[in-house]
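Report on one structure; see the data block that follows.
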Amino acid sequence: MPDPRFFHRSGPFPLSYIARHIGAEPLDDASGSMMIDDIGPLETAGLGEITVFCDARYVDQFLATHASATVTNHDLARHRAHRSGLLFVAHPRLAYAQIGHLFYPPSPLVSGVSARASIDSTAVIGAGCRIDAGAVISTGVKIGARCHIGVHAFVGPGVVIGDDCVIGANTAISHALLGDRVQIESGGTIGSQGFGFVPGPKGLLRMLQLGRVLIEDDVEIGANCAIDRGATGDTVIGAGTVIDNLVQIGHNARIGQKCVLCGQVGIAGSTEIGDGVMIGGQTAISDHLTIGSGARIAGKSGVMRNVKPGEAVGGYPAVPIRQWHRQSSALLRLLQRKPNDG
Amino acid sequence: MPDPRFFHRSGPFPLSYIARHIGAEPLDDASGSMMIDDIGPLETAGLGEITVFCDARYVDQFLATHASATVTNHDLARHRAHRSGLLFVAHPRLAYAQIGHLFYPPSPLVSGVSARASIDSTAVIGAGCRIDAGAVISTGVKIGARCHIGVHAFVGPGVVIGDDCVIGANTAISHALLGDRVQIESGGTIGSQGFGFVPGPKGLLRMLQLGRVLIEDDVEIGANCAIDRGATGDTVIGAGTVIDNLVQIGHNARIGQKCVLCGQVGIAGSTEIGDGVMIGGQTAISDHLTIGSGARIAGKSGVMRNVKPGEAVGGYPAVPIRQWHRQSSALLRLLQRKPNDG
Amino acid sequence: MPDPRFFHRSGPFPLSYIARHIGAEPLDDASGSMMIDDIGPLETAGLGEITVFCDARYVDQFLATHASATVTNHDLARHRAHRSGLLFVAHPRLAYAQIGHLFYPPSPLVSGVSARASIDSTAVIGAGCRIDAGAVISTGVKIGARCHIGVHAFVGPGVVIGDDCVIGANTAISHALLGDRVQIESGGTIGSQGFGFVPGPKGLLRMLQLGRVLIEDDVEIGANCAIDRGATGDTVIGAGTVIDNLVQIGHNARIGQKCVLCGQVGIAGSTEIGDGVMIGGQTAISDHLTIGSGARIAGKSGVMRNVKPGEAVGGYPAVPIRQWHRQSSALLRLLQRKPNDG
């Protein structure tokens, strides 16, 4: 059970209510009226709790569970399809996530401005916002309704933030326009100068970075990320894209919609990434490349050429993923030959 | 055109003034008196704007541009050398950057100390500084003239900062001496304890980290970097070196002058790097190595041996760059042989 | 000599006192009464200073040193065993670190709460704590005795911190329980949401992250790290483990005791790491793996399979370390063959 110091539970809910919430098939009346108190993992969920069975590898845990209800699908549950409390849906994992949000909804935002926040008189703050201690809102900023601006967040001059955004503690945002429902974890820097220099008589001269960062609706950005603004155009993070911690995004990079960037990924300047691209942790993508929509890039890859839509690549330098696996095997074979063969 | 919410344009300027500013060859009187309003990229610049043509691959865009003036050189422009509004210089990219700074000069620093800053009575602050809300300036700190200390920056006891420095929001600086014109983006940590431990009876005992971080003149450091102080001597960043975001520099590392460290680079402790070294993104360099002046290290390399002055290396482990390319090709050939060959 | 602006020296101490402190063999009376003022590195230590000789490669420096005393062992010092001022111990490096802490003890914590800190009325703060300007302590927080909460640190609702902890500037901590003597450098984020999403009808839906971060006693965490809280269980950092800068630790990762994680390491979600594991800088470890106790992982490795207790691995993908070295050699041999062989 989640620690009540940190998480506040709703409910209980009748199972029939939960079933309707996730679009599950109708239950018999007896099951439907059962009260459910909490969610829990398959191996530990007990009486009054609902769990999920979404991976055939855990069939033994499913057969042994004491949970009062289980979200699953017909195929997975075929060995014990008549057990009580089963909720059948097409996508059990999604349904379970939805049930999670039902039991643990986000805490209602208590609106108000801390006496220790600094808000410039020219800034426009929407209704229902919460501005925490130490937050600094600069000249000309526009913030939509129901936003939560965290402790010590710095929102630089002219920045625009949409509705229902969450800006984490100790985050600095400048030269940026954010859509609705954007969430940024703590410790990030958004809108810093891009990294472009030209050798001059007195040393390296920084090329002007006159663009912005555009963060579209429903983007989520992890902790301690750094996203540079564009040099001439904009750096763009497409709607619904999610970004993990400690990710670096260079100036003028354009990332499509619903992409997934895992921890410590680095995207160099001016690279364009399509929609729905998955990028594994610690992968680096060089500058001025094009990564097609739907591409999948294995963790820790070094991508130094364009990737086609839907292509799966891996390795350093990154090659088609099957070729990379064959390379690794070939290296092993090489070692098994006698030295005088090599 | 840059977003006026974020960038403030100077000008317009007569083209003759711009030409003198960048040391271009004299123009005829008609061209020289033309007024220029703004800069713009080659593909979109229009009437009243100046652009740059510095790469022969974009010759078609050059021939089609509607820009009123173009910075280029004689060789690049030979196909249309008599077009009006051409400014010929030896280094078009540098000249264009200089023109950018002419049209978009840094905003004049409005000096003053925020009522929400905390400044110890023993700190010495130079003339014309701006200290933002939440900044904390500790005992014995010395800050030169015309510095901008950002929101929530923490300057620890005894730190010395030269003239004309910019310290970004949410940055923590301790045990450090900074030269003039140093710029640090937001979210960084400078002067943290180095990572050295010795096994002891009760676990790992941290070895004392009694050195400093010395940052010389004209260094620029990106967002969210971590630079540890030295253990016995100092960690040194040489004059004019530029560092991108999320870079890690270990204790006692010594980096020369005018080096370029791209995003997410990691330099382990006690490694010495010469002058003018270029290090690609996500590269790691092991501890106690020597990297000669002028070396170039490809992105995502893992450097585990010394690198000679001027040498170009790449790969993991890093080898001479041509050898790395040949290795990658050799692996491909290996896969093209029949399985029973291998 | 360390810069007195940053480091405050104790002493002097008689050499006999130092010898007792490190458990060295008894000295003759004349040596024992000698006063020692400071520590210093072997190559520069002079009169009145104590140094260490713990690596046979530096025997020439040992023979030439002007230091008044040297910590070493019998084997290393055999060429000049009768020199005065030698302190013989089993572990010279450890003893020298202990002497360092004798001469440069941590500054005594000056307790008190800054008028610019924000402390919720429900928070419980132990005796002797120091809470710096801008620190924000939220509802229900419990902080033990003698802690130092740095400038602008944010301690979120319900967080528990043990005794004698140090929380660096600009650090954000939420959903976390910390043991005693935990040290966290500046700029970190502890307790952020884990990175887990499930595709839904409107895009990616974040799976609830209902766990915590448990940081056990004596853990030290470097600057700008990001440690996510668990999804269903907890993310755990075992007692005595030390973590360098810019490290990423995913949700539900469990790290054992006395591990060493170097800079920019990334540990993906749900991976379990045993005790005493050493992980080199910029290494990535995939999710849901098991790394046995005592394993050693070379810098910049990409670990994609389980690692056995005590195993040493390296490379990308990581393989046993000797195999990795042989692979690198085999690649070299491949290049030395004539092209028509390959």
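The chains carry the letters A, B and C, assigned in the order they are written, with residues numbered from 1 in each.
Everything that follows uses one rule, which is that a contact is a pair of C-beta atoms (placed from the backbone, for glycine too) under 8 Å apart; a residue touches a chain by one contact, two chains touch by 3 or more.
Predicted model only: the values in this text are computed from it and were never measured.
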Chain copies touching (chain A, chain B) - same or different residues, decided at half shared: different
Copy-to-copy rotation for chain B and chain C - C-alpha atoms, rounded to a multiple of 5°: 120
Between chain B and chain A, distance of the C-alpha-averaged centres to the nearest whole Å: 29
Per-residue multi-chain contacts in chain A, two or more chains: 134, 152, 170, 187, 224, 246, 264, 282, 316, 331, 334
Parts of chain B lying in touch with chain C, wherever the complex brings them together: 118, 134, 136, 140, 152, 154, 157-158, 160, 170-172, 174-175, 187-189, 192-193, 195, 197-200, 203-208, 210-212, 224-226, 228, 232-233, 246, 248, 250, 264, 266, 268, 282, 284, 286, 302, 304, 316-317, 319, 323, 326-327, 330-331, 333-334
Touching residues on chain C, where the partner in the complex is chain B: 2-3, 5-7, 40-41, 91, 93-94, 97-98, 100-101, 104, 114, 116, 132-134, 150-152, 168-170, 185-187, 218, 220, 222-224, 239-240, 242, 244-246, 258, 260, 262-264, 281-282, 299-300, 315-316, 328, 331-332, 334-335, 342
